[in-house]
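Two complexes follow with chain A in common, the first pairing it with chain B and the second with chain C.
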Partner chain A sequence: MIGSFVGAVLRISVPYSLAAVGGVWSERSGVIQIALEGILLGAAFCATLGAHATGSALGGVACGVGCGALLALLYALCVVVGRGDQIVCGIAINLLVDGATRFFLKLKFGSSSNSPRVVSWEQLPHPAFFFIAVAVFLPIVSAFILSWTRFGLRVRAVGERPDAAASLGVRPTRVRLVAVVLSGAVAGLGGVWLAVDQHQFVAGMSNGRGYIALAAMILGKWRPLSAALAALTFGAAEAIEVTLQASGGGAPVWLVQMFPYVLTLIVLAGFGGRSIAPAALGKSEQ
Partner chain B sequence: MAVAVALKGAGLFNVGGEGQITFGAFCAAWVGAHLPAAVPHALALAAALGAAFFGGAFVGAIAGVLRALRGSHEVITTIMLNFIVRAAMLGIGLRLFLRESIHTAPIVDAARLHRLADMSAVFKGSAVNESLLVALLVACGLAVFLRYTVAGFRLRAVGQAPLAAESSGISVKWQMVFALVLSGGLAGLGGSNFVLGYKYYYEDGFSGGVGFLGIAAAVLGRNHPLGVVAAAFLLGLLSQGALAINAEVPKELVDVLIAVLLIATTVATPEVRRLLSSLPSRVRQNRAA
Partner chain C sequence: MRVGLVFDIGGRGDKSFNDAAYRGLERAARELGVVAEYIEPGEGSDRESGLRLLAASGFDLVIGVGFIFSDDLYQIAKEYPHVHFACIDYAKFDAHGFVVPPENLVALKFREEEGSFLVGALAALMSKSHTVGFVGGMDIPLIHKFEAGYKAGVRQVCPNCRVLSGYAGVTADAFRNPAKGKELALAQYAGAADIIFPAAGSTGLGVFEAARQEHRLAIGVDSDQYAEAPGSILTSMTKQVDVSVFETVRALKERRFVGGVRTFGLKENGVDYVYDAHNRVLIPAGVRAQVEALRKKIIAGEIVVPDRESSHGG
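Let's turn to the complex of A and B:
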């Protein structure tokens, strides 16, 4: 009972953790990442499509991650190079992916709600184990790169003081492009897991997870490890919700469902430790 | 056809339209269903519309107060509030929805808005109703309010130059709360369209992303109330057109089209403005030559 519950918590937390860490990469470089929702959804769709077309699970994973990175690149081109409004462009990307995935779903699989079951995912020996390991491993690696390497320092520098970074010969535009694309690839892996876990693509299957990941990132104060822990908390809340729903208790389900968001609001309100966003977050002028 | 009125006032970004619409619509439905049947039409309508406004304004106010007192970023708080409202409606729905259904009891006749199809043959077969008139009226009122009143001026001042506004004695914090309350209230009014003019009850999940299209309308309309109406009309046209051609082209493509429009607008605006502002000097140069 407890073992299966822990398993459920871990499985549910995978996309949150990966997307939150993806968000950290983008936001530490100064680019707001509301497009996470669209990246998760797009990656899940491309992974399904890739696995279906190539007949190989690895092909599917590659397509999903590639799609996440490509969407992030598109987003970065809009806001970093084109200097469009980050929130508007982010929401536009989410809208774009929601429409495009439904469109291609109908075109490719002739259904407006879901793809057929993709058998090639069964090639992966222990998919849950593999993805959980990645979801634990990537935050650690990200924390290390951000804190201890030259590239990590540059990402943080352009996120805090792009002018100072530029005066030292770092190009904020280029660093941000790389950071955002990296963010998309990491979050894309989370989207791939959604598709693998359900063995198919379902229209709108990201279902707000990108926004929850954004919340986890804020709760984790823009640090990869804390963000992953916050994602785990949200995963636990959702697992409790699912258990309650299954047991038919009824009433408190909506309270549990509300929990992650209320918790985020409380943290945003500055109770329980101040969380300070990167100084140049959301400012596209350099 | 949905006409969403969204507002980005005082330099704040309200992404909470979805939650505000939902809660506003629910409040309108609740009040509408609980009015005694003998209440005159005008009064019942005012009560239901007022309830919709206050419902949306309440949700907006939470974000506004958090922003003003604790400095919480309104984009994130409004997104969180969207989900909180969604979860709360699940809880409220358990108690208040009709048994075995996902909607509330229907509202009384007096609080209903008439369909325009009943009045003029032009709108025959369309679900458009008097809430279109309400929306147009509100937009015009808002344009006047922002342009010609002291309160509107304060709001714009805070949006364009918060420091200057603060030093001339305007409380930036309370203007922010006010902006989000107003914005939420208007979104709530937008939600009343569904309840008072279309289905006559609140139904779970009715908004279906209208709140986000409201943001699109605000961006395309360049944040001017009348521009927003034009943009909302365009989006409504696109959505309705999508249904019309659905047999040949899947309607989802319209979402993609709107997204492309949005990105193009926000990316191109500074560029266009630069071109426009350089026009007079070029003309002058030409004349000198």
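Let's turn to the complex of A and C:
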């Protein structure tokens, strides 16, 4: 029972963690990442389509990650190059993906509900183990790059003071483009996991996980490791809820379901240490 | 005569509820010669505008496929008293309880609890661990009907059997969360359940995936879901939504449309369970006979299936 509980915590946390760390990359460069939800869903769809078309699980993973990066690029073109409103463009991406995945699902698989089972996902020997490892590894790598490398410093600089960074020869537009695309690729892996875990695509299967990840990112104060830890907390709360229900004890499920949101509100209200967003977050550069 | 139909989320091609409604509409067009049109709404408010569009453009009958239309249809039926309306799974409640639909609106309801009772009995008879599971989508009275009937069916044939029960959530999103469905199912299978009945929309697809992975069984819902996970689906509890749509169109055509609540149960062939070439090998003849005996008792009124539990814990 303990083993299955721990397994559930980790599996549930995978998409939260990857999307939250993806969010950190974008937001530390100064670009609000509301589009995580659409990126998760789009990547899940492309991964399914890719695995189906190429007959290879790795092909599916590549398609999913590529799709996440492409959606993020589209978003970056709107808000970094075109300087559109970040919230509006982000929501637009989410709506676009929701409609587009349904459209292509029907076109390709003749159903508005779900794709058939994709057998090639079975080529991955221990998919859960692999994705859990990635969801642990990527936050660590991201934290290292952000804190200790020249590229990381530039990302943080354009997220705090783009004008100062520009005066030192850094091009904020270029750095932000790269950071947002990276954000899409990382979050895209979370979407790939959703498709792998089900061996199929189901319309709307991201189910708000992108927004939960956004909350985890804020709870983690825009730091990769803390964001992943917050994602793990949310995953644990959900796993507790699932396990309580299955134990048949008539436990107050709604109480446990509230926990992640209450925690987020408490942190956002300033308890548990200050949570300060990157100074240039959401502002188009001059 | 013109009949318009507005689909629920998912729309045509959901291989379930919406497709069944469409079959009924198609049959009405073919056999009764009515003109049939449909709208596939996107999210949220599109549903209401779809209903309004049809009502305002002179359709004789406007059908909403799903409980989610209950409030909108109730309102629009009052605004267009000369148009006829039908709502599948109508469930409008206010502070005082169930709200009876106006005269020009027929609520097409199913006694899902009766079909669920039969698959519950079947699951309990087939269970080796004397433990079976139920996974609901959104935690609402409509889904409690499935759960209550299923549990009553289990208890009827196996008073000592346990039923593990879980819900995916409290919003409509809970009907399309396969990852959550899979986790709920894995937890129930880990808790010794060997057969799980989901009533959860596409969240149930996650339950099927868990059944396949753990080499256990699951039960389909609404339509025959055998093809979603061949070998892992014991049976499906089916709702004859097509029959209810066709019968409503025919009633209007024959000028005997009556508003109010119309229910379809085992007696009216409105609900059933699948027993065909695919799953005959899974179900021993003796078990089938026992379940069929229960069907007769329900139709004869000897067994009254509860549509909710006396104390629902949520």
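Points worth noting:
Throughout what follows, the second predicted complex is superposed on the first by the 281 of 286 C-alpha atoms of A that agree within 3 Å, B and C clash if a C-alpha of one lies under 4 Å from a C-alpha of the other, contacts with A are read in each partner's own complex, and residues count from 1 in each chain.
Heads up, the rule we're going with is that a residue touches a chain if its C-beta (ideal position, glycine included) is under 8 Å from a C-beta of that chain, and two chains touch if they have at least 3 such contacts.
All figures in this text were calculated on a predicted structure; none of them were measured in a lab.
Of the two partner chains, neither chain B nor chain C is touched by A:Ala166.
Legend: residue contacts after superposition of the two complexes on their common chain; A:Trp254 is shown touching both chain B and chain C. Judged by the touch definition given at the top, the superposed model places A:Leu124 against neither chain B nor chain C. Note: residues 98-99, 106, 112, 208, 250, 253-254, 257 of chain A belong to the chain B contact set and to the chain C contact set alike, using the contact criterion stated above. Here chain B touches chain A in the complex through residues 13, 15, 66, 69-73, 75-77, 79-84, 87-88, 90-91, 94, 212, 215-216, 219, 250, 252-256, 258-260, 262-263, 266-267, 270, going by the rule given at the top.
For chain A in complex with chain C, the residues that touch the partner chain are 1, 4, 8, 11-12, 15, 98-99, 106, 110-114, 117, 194, 197-200, 202-205, 207-208, 238-239, 242-243, 245-248, 250, 252-254, 257. Here chain C touches chain A in the complex through residues 9-16, 18, 40, 42-43, 133, 162-167, 169-170, 173, 176-180, 182-184, 186-188, 190-191, 202, 205-206, 209, 228-229, 313-314, going by the rule given at the top. Residues of chain A touching chain B in their complex: 32, 34, 78, 82-85, 87-89, 91-96, 98-100, 102-103, 106-107, 112, 208, 211-212, 214-215, 218, 250-251, 253-255, 257-258, 260-262, 264-265, 268-270, 277.
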